[in-house]
Amino acid sequence: MKNMFRQIFHSPKFVAGFVIFVIILLTMWLYPLINPGNPLEMIGVGTFARPGTYFSLYDAVDAPTETLRLSDADDKRIDASMSMEDRVAMVAWFEQAGVDVGDLDITDTDALLDLWRANYDSSTRLPGMTNAKRNYYKRLDRSIQSMQGADKYSVMHKDADSGEMVERSTINKTDYVNVAQVVNVKTLPLGTDNFGRDVLKELVSATKTSIVIGLIAGIVATLIGLTLGLLAGYVGGITDDIIMFITNIFTVIPSFVLLILISYSIGQEQRGASVVAIVIGLTSWTWTARSVRSQVISLRNRDHVNLSKLSGHSLVRIILTDILPYIASYVVMAFILQVSSGILAEAQLSLLGLGPKTTEVPTLGLMMNWAMLYSAHTNGSWWAYFPVILTITLISFSLNLMNTGLDQVFNPTLRD
Amino acid sequence: MGKVMLEVRDLKTKYVTRFHEDVYAVDGVSLKIEEGKSLGVAGESGCGKSTLALSLMGYYFPPLHYISGDILIDGKNISGLDPDVVRKTILGTEIAYIPQAAMNALNPTQKIIRFVEDVVRAHDPKARKKEIRERAEARFAELGLPRTVLDKHAVELSGGMKQRTVIAVSTILSPKVLIADEPSSALDVTSQKMVIKMMRELMDKGYIKSMLFITHELPLLYNVTDDIMVMYAGQIVEKGTAREMVFDPIQPYSHGLMGANLVPEDGMRDTKPTAIPGTPPNLKRPPKGCRFAERCRYATEECRTHSVAERPFGEGRMYRCRMSVEELREVYKDE
Amino acid sequence: MSEIRERKDYSNGPLCLSGRGVTKVFGLGDNRTVAVDHVDFDFHEGEFVSIVGESGSGKTTLSKMLLGLMTPTEGEILFEGKPRDISTGKKRKEYWKGIQAIFQDPFASYNVFHKIDSVLLDCIHLRGGKNLSKKQKVEMMTEACSFVNLKFSELTNKYPFELSGGQMQRLMIARIFLLKPRILLADEPTSMVDACSRATILDMLFELRRETGMTIIFITHDIGLAYYVSDTVYIMEHGRFVESGKADDVILTPQAPYTKRLISDVPKIHEVWDLSTVDLLKEDA
């Protein structure tokens, strides 16, 4: 036994899969401790906030300011506020004025502005330019100049009695606020989803639910498959015929179709995560049953089983001590695959809108479903679905890697 | 003295287990087979006789590794050749190998003639189908195999017929050495006899020039080969003619092995077969002294600490024991 | 020499196991195979019986029926003169107190998850020794192991696969020694054991018979081995007994053509092995 574990943990594939899976489990357990709260709380109004750190502007006004002189602050500010249309218009003006732009890169704000300051003159009348266009360029020039100037913003509030605007404070361009001193800051590493929920928090919670669903489905499927397989294989005869008849029926009907039908008939309200898990388990035991049966049939005629019979041992005892240990490694492998396919089945089902009800817990499948319904994939909100896909892939990859590693340990002929 | 067809000089090979331990399965084996002669190798399971067969082909692939020694076929040294060269130029023409499960190596979906084509074309890629068929039919007729076999699939043949077919196909290029590793052990006695009869014909008609026959069944070996050598724990412990080895074994292990046979003959019921207690040594760590010392009833402290070299005696015989031939004959007489 | 080589006549002794028209058919219709075809036999108490047959002769099927692991399609097996009744689990358990087996492959005969101690303890419990003290049990196991030249102190807490094939097969005999059944069915117990260890195992079987007077049914394909060990030999071909009788009679003066062929085809040492009896052009059986 000890030797077997040593061998298992010598298999690089198993260890790699195991490490990935443990990291996922640890994250699932640790993250809610750091960031507690209801994962389905809608913190954002409006959909799909980008990933990033958010702090309250309102509170920032009252936060103590420090003066920092950062040399590139102006450049960044101008860079961020100059739209692409303005830049294109500036180049158009140069061309009309006959300025040689050379190989100017319009995203290079510095070079663009240098050229602009050197050449623009509001009094120049370019031929064929309408007044409106001329005024546009004048406005553009003014705003560029004001960005470089030393203007301040005033923060005012309306006096409740007189109705007059009272200046509360002024904000200089060199005023900085320490984020740590702003009362309300929220970091959303994966932004928010369509309902304004923290995607990372939701993802961690969904991973947990999905793995639980996978485990329940795996346990249900393995228990049913193992029991039926053992009975069919060991007892044989009419028992075998009946069990195999049932198994064949379940094999012939695609389990996913069955899954859809059952989920649909249960109805949205009754479909909790555990119900979905059990339904998945109930539809996916067939191949476990079939393969356990064939393993048992080959074991049934082994001499140690015959000898156990001759020793007068009962059927249950023979199955438990002389058959089960021999197929245990196989069952563990089958179980791992069942968990993996259970997680995938939930994702598929939820994607079709037949998953667990949406109000209780998030699952990986539900998150995909929401992202799809609110067109996250077309409006570029990658954070709403890509991390989910990655998580599903990682879980399934790690489980399959563990399975392959085990396979190589238990079936040495497969090695290399 | 005839021309030496196979000569092996101090061959050493090893297995590497998956825990990277070395198992010295063939440890300093030397032997010679002359043209027209056959040599039998006897020994218990795990004594290295099958490894010897694999090693002799000069075709090494993991976990088997070559350490040292020479293998000469008709004077040509094949040890240390590239496996690819061995496969193309040595196997089939110089040396042919038939393992116990050879008959299971036939692809059940192909006709026998296809295997003949494969074997012939491996050495003569331009050989024409018609020529190959003629050649195969002639050879099959000589060896007493129905020519209809050529157009049958392996599944249509019985076990014995399959094994004979495999032997006929693998020797179609008339190799100088045939190495047969338990070629008839999986068969019933009648099929076994047919296989042996055919191998005799191969030798008598000169289709194979020499043969190394490996088996654990001594009565069979006695009836098949001219000479017999006994292997124990990777080494040869005694060598002699078949008759000498069966009726006058000298080394304690081979003496025990010869006495352990049971044949349905008058008087056999009253002779007690010999039992040798214990198990062969672990070849990962071969014992320092005589390898048989642990199980030998005549062993002394010296046997356990001093290794014994091969000692020649009689006419071309040799044995490996600290005691002299006379001493050993004397102790056997007392039993 | 010792008692084993006495030519004792068992044919008038008390019957131990007999069969009348025992038949086993597998499959239906086109797949119908008659593995054992109406065989009759009488095994006597204390007799060493060999059933000799080549692969496919039905000897293993017959042995399974004798052990009660398989029910005959037809025919009747009599245990100590009375029809054998193994219809219920309890009756089967009772029957198996009287008949035990050693199988061909020692590596497949043990549950690899059980230690040697539990294999032997199981036998003690089966013989009703559940309430014995631990010391008594260890004594019994030590005695059984020393009977087969093994040291219990070296085996305890080990797994069967840590032993060699010969040692495992000897441990099987130790198991029989503890169980002391009236009949032992040995199904090719030496075919996977080296020649040098074979004699040891055969000696132990003889010793078992001498000590407990048990009947030994020895199933083998090796006619030389059968001749050496048995008092009575049954030759089986295609599910039928073609010849049976005292070992000397059957082997030295065979009557049935099949027996003659079988004996002539086995390689000999003192007699000439006549290769001309086989015709290469004939498709073998």
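Chains: A, B and C, in written order; residue numbering restarts at 1 for each.
Just so it is clear, contacts are C-beta pairs under 8 Å (C-beta built on N, C-alpha and C of every residue); 3 or more make two chains touch, one makes a residue touch a chain.
Predicted model only: the values in this text are computed from it and were never measured.
Q: Could you tell me which shape the graph of touching chains takes: line, ring, star, complete or other?
A: Here the contact pattern is a line, an open path with two ends.
Q: Chain pair with the most contact pairs?
A: Max contact pairs: B-C.
Q: Taking the mean of the CA coordinates per chain, how far is chain B from chain C in Å?
A: Once rounded, the distance between the two centres reads 32 Å.
Q: Approximately how many whole Å separate the CA-defined centres of chain A and chain B?
A: One centre to the other, that is 64 Å.
Q: Quick one: which residues in chain A touch 2 or more of the other chains?
A: If we look for residues of chain A contacting two or more partner chains, we find none.
Q: Hunt down the residues of chain C that sit against at least two other chains at once, touch-wise.
A: none
Q: For the complex, which residues does chain C have touching chain A?
A: 67, 69, 89, 92-93, 96-97, 99-101, 103-105, 108-114, 122-123, 126
Q: Please output the residues of chain B touching chain C within their complex, sorted ascending.
A: By the definition above, chain B touches chain C via 44-45, 143-146, 157-158, 160-161, 164, 188-194, 196-198, 200-201, 216-220, 222-223, 246, 256-257, 260-270, 272-277, 279.
Q: Along chain C, where are the residues that touch chain B in the complex?
A: Residues 1, 5, 54-55, 149, 164, 166-167, 194-200, 202-203, 221-228, 247-248, 251-252, 261-263, 265-271, 273, 275, 277-281, 283-285 of chain C touch chain B in their complex.
Q: Would you pull the chain A residues touching chain C in the complex into a rising list?
A: 302-304, 306-312, 314, 321-322, 325-326
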